[in-house]
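Here come two complexes built around chain A, the first alongside chain B, the second alongside chain C.
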Partner chain A sequence: MAAEDYRICSFTGLKIHKPTEDLIKWNTVTAILFLALGGLMGFLIALTRWPSVHYLSLQNYYRYLTLHGIDALLLWIIFFEIGLVYFTSAVLLNTRTVIPWAGWTGYALMLVGAVFVNFVVFAGKADVMFTSYVPLQADAVYYLGIIIFAVGALTCYGHFFANIIQAKRDGAYKHSLPLGSFGLAAACIIAVLTLAHGAVIMIPVFFWSMGLIHYIDPGTYRLIFWGLGHPSQQINVCAMVSVWYMISAFTVGGKPVNEKLSRTAFVLYIFFINVASEHHLLVDPIFSNWHKIINTSYMMHLAVFASMVHAFAVPASVEVALRNQGYTRGLFEWLKKAPWSNPAFSAMALSMVLFGFLGGITGVIFGTEQYNIIRHNTFAIPGHFHGTVVGGTTLAFMGFTYLLIPYIFRRELVMQGMAKWQPYVYGIGVAILSISMMSAGSFGVPRRHYDITFSGAPFSFTFDPAIDMFMSMVGIGGILAAIGGVMFILVAMGSIMYGKRLAS
Partner chain B sequence: MAIKEPERIWWKPYTRDEKIWVAVSLLWMFTSFVFMPVYHFAGSQNPPYETYRVSPEEFDKLVEAMIEKYKVGEENGMPVVHPDPDEPVFIRASMWQWYPVVELEKGKTYKIHLSSMDIQHGFSILPINMNFMVLPNYDYVLTLTPTTEGEYYIVCNEFCGMGHHMMVGKLYVK
Partner chain C sequence: MADEKHGDIIEAPGVLVLSFIFLILFVIIWFAHLKWLLEIWAVE
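Moving on, here comes the complex of A and B:
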């Protein structure tokens, strides 16, 4: 490893390896492009569920809904996380990416898989939703695309371990990883477990779609699919929490108040979140009572406890840092003087509030054995996860992008006035969207449903008129979030392409 | 800092604030932890768990036999049945129909069997908003005692193809 391959970042003092920088750039830009596509789909879907607009045609509604899940949940988030993998396993440790070609191979596989899936869904051969519950069948190319993408993602998550092992040998760190890397280590461990579930179910389903296997049990599919589907959200949680800690460190110099506390919480995620993911199946005909009781009481709450710890530790790190900077008057001067106009900081703060209060709390409630009966598959469920993965993860990643642009892309942010407002517009839009979805869901409005006036049905049910307001708010929240999303894409892509170059 | 290697010994005792927060969180979690199993036994609002294997053909036969025995009329081209309270009730899900229309008597306890002929469906009783999954090859048995008279609708809330939004069934409590 030649010394000329490195540069010193003028903002952070970190030593950055050229191949690592390129990997982060490509993964991040790809992520942002998929966010743009997935976000556009989300916008059209929100307009369709707004009853007085009802924009898309029947077929396009379900098609775009499938794509929205793939592009916004899977592709945007995982491509961005792969960028974080290199950032935390090489950049933070002032060291190199050990096998850059493996990184590029993983990237290429993910991209090929992503293109396959997008193409086959657009072509109308896979209107199966993100969950593709068997025996609803998509074209074999759909499953193949998912498998290729997963192999690529596994290569990249695996790269994390190669990097930290080599970093230790090189003496890049002596005893313990920085907390940001530790959180990503937890994410990568969960990723391996999760993708193993994916392989166990997606490979047989791929053969089934080609007619080589005749039967896949629908109950078993649901069980193993959610071993993939929910823990993969825990990869996102770990990555997001790491991003919170890192943004706090980069923007205000925040320091985790107690490394022991924060690290223990990450370990709890690894142990308990996978087995807690059966709450998707509480009203399925497959589980015994004991299964449900253990899952909803014991397992779930140990993972929730971990989130409670981070909810304390991240704001505490910000508070301690700002108090050390002299903002010590009263209880809340630090909060008032926090850098609210720095989009990275405000995105982190909003992400924590939305994730905790909208996504987290509702997740705990909806995941209880009895309450699930009145929420399963209603519009309240997407309301919950738009609080977690959109208000939480997506917003946190947007905030981190504002840091990657100067640190990695070495560009100045363009349109800084707009960037300052972006997290607020997006955050408020997502909050309205999420709250109105949950409110409508409490009246039983189904999710993934084209027409809740049931036109053409043998019997017609009319919902409580209150839902008209909530469903219209879904549209309004969707428009606001879309505006915030467009602002983000403009600032991020504008800066990456046309931002003033910064000297390294 | 989260972006720097921590000092050699980071395994430090918790400060007072941390202890309080951890204690409050643990106490809250412990309350939920205990409450979940307690409510399972004390609350009697649990999701049903009685379930059997059944092939679509077998289930279809059971549905047809029930209709033959208990048919009392037709509504919108669909048979209406009024089964005896101690007899099992079968409701069949298929793309895109809940079949048949069922009349239940208030205050009587029924065993309602649900299964699908083709793909997965979601059984959502409105307006009371109770939701269960209906899977092919599984016979899912809800034990149900209707307490309020009226008309109820069964809406499918698991995506099942392009006619999904037209999959509405009906249930009477008399």
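Moving on, here comes the complex of A and C:
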């Protein structure tokens, strides 16, 4: 590989391979565009669940809810993760991406699949929501789009392994990968298992939608779908935790206090985090009670233990780094003097708090068998996963974008004042949204439901009047989060397109 | 992020204390929340 294909980053000193840089740029920009679309859908849904606004029509509500799940949960996050795949398997290792055309093939497949799915849902032929539970049936193009996207994503996740094997041959690392790359390796291992489940169930459903197969058993579909649906969130957890470590390293020079322990925690994720998906199947007759209890009441906590290790290790890395910089007065001078106005750092800090308290703790509680039976299919569950995926993963990825803009795009951030406030506005909005959803869910408000007054139904049901307040807070939290989201899009896309060019 | 052990938990006493504060807060909030839930669900 010619030396002119590389440049040295003036901020990090990392050697950056030009084709790798291009792959990161395209995946990141595509991710941000899908976040904008998914976020817009989320905003409209929040306004609809606000009882006194109830904005969308019945038909558009379920259509936009499907798109919100696809664009915000799947496309934004996976495109961004593919950018991370190349960052951690090449840039962080000071090496190159092997066979770059494989990366572009994966990207093209993902984009084609994403466009297919968006198009068919907008056309009103796939109002099946993110889970697309059988016997709900979408147009064949929807399933085809999902399959094409998954093949593309699998190509890119596989590319990670090709890169690190080549990096080892090139002597880019000796014993084990740096922690940021190690976390992404865990994410890629889970991704391969997850996408294999996707193939097992989505291919027959695709044939079913074309009339080539006449029956798909709903129980079997649910069982295999959740081998795809929930573990895909565990890919996000691994990628998010890696991003925490990397932001700590890049913003304050943080190094894990005990790297072996952090690595062990990632390995625990690979082995145990997927069993968390069993709570989707607690009322299904497929598994025995023993199986359900052992997974949801015992095994799940090994993954929880891993999260607690990271929850301690990342802030500890920040504290040690800041103490080494001289902030040693008392117990908390380092906390006071931390770079809170750096949006990458504040996004990471808020992401940890929101993920841990809103998403993590509630996930442990809701995932437990006895409790899950009460909360399942209530609004509390979206409250939980907006804490994990939005407050946690999305906010962490937003923070990392603020680093990618100077490091990879070589642009200066525009509207820096707005960038400084963005993580706080978004984080507070998501916190209000998530807490309100969980509170309303405690009163039995169902998730996904367009009309919880059941108007026109032959029976009536009246919720506790307190839910009006919580459902209104969902709308207010949604508006605040949408403002934070718009601020992010303006700063990120404004910087990428119009930011001052930085010398390499 | 070199592959080595960089220190010990005692090097991060602030985080250790914060963890205990959060733990105590969590226990208080959790039990207050539980009491609230029992009222909502009218458990005798």
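The rule we apply is simple: the second predicted complex is superposed on the first by the 501 of 504 C-alpha atoms of A that agree within 3 Å, B and C clash if a C-alpha of one lies under 4 Å from a C-alpha of the other, contacts with A are read in each partner's own complex, and residues count from 1 in each chain.
The rule we apply is simple: contacts are C-beta pairs under 8 Å (C-beta built on N, C-alpha and C of every residue); 3 or more make two chains touch, one makes a residue touch a chain.
Since this is a predicted model, take the numbers as computed values, not measurements.
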{"item": "Contacts of A:319 with chain B and chain C, given as first, second, both or neither", "value": "second"}
{"item": "Which superposed partner A:58 touches (first chain B, second chain C, both, neither)", "value": "first"}
{"item": "First (chain B), second (chain C), both or neither touched by A:361", "value": "second"}
{"item": "Touching partner for A:464 - first (chain B), second (chain C), both, neither", "value": "both"}
{"item": "Chain touching more of chain A, residue-wise (chain B, chain C)", "value": "B"}
{"item": "Touched partner set for A:255, first chain B, second chain C, both or neither", "value": "both"}
{"item": "First (chain B), second (chain C), both or neither touched by A:443", "value": "both"}
{"item": "Which of chain B and chain C A:334 touches, first, second, both or neither", "value": "second"}
{"item": "Touched partner set for A:179, first chain B, second chain C, both or neither", "value": "both"}
{"item": "Shared contact residues on chain A - chain B and chain C", "value": "173-176, 178-180, 245-246, 249, 255-260, 312, 316, 374, 442-443, 464"}
{"item": "Sites on chain C touched by chain A in the complex", "value": "1-9, 11-15, 17-19, 26, 36-37, 40-41"}
{"item": "Chain A contact footprint on chain B (complex, rising order)", "value": "1-6, 8, 10-12, 14-15, 17-18, 21-22, 25-26, 28-30, 32-37, 39-40, 43, 45-47, 49, 51, 76-78, 97, 118-120, 122, 124, 126-133, 135-140, 153, 155-162, 164-170"}
{"item": "Chain A residues touching chain B - in the complex, by the definition given at the top", "value": "12, 14, 58-59, 62, 92, 127, 129, 133-136, 173-180, 217-219, 222, 242, 245-246, 248-250, 253-261, 263, 281-289, 292-293, 296-298, 301-302, 304-305, 308-309, 312, 316-317, 364, 368-370, 372-378, 442-444, 446-452, 454-461, 463-464"}
{"item": "Interface residues, chain A side, partner chain C - complex", "value": "173-176, 178-180, 245-246, 249, 255-260, 312, 315-316, 319-320, 323, 331-332, 334-335, 357, 361, 374, 442-443, 464"}
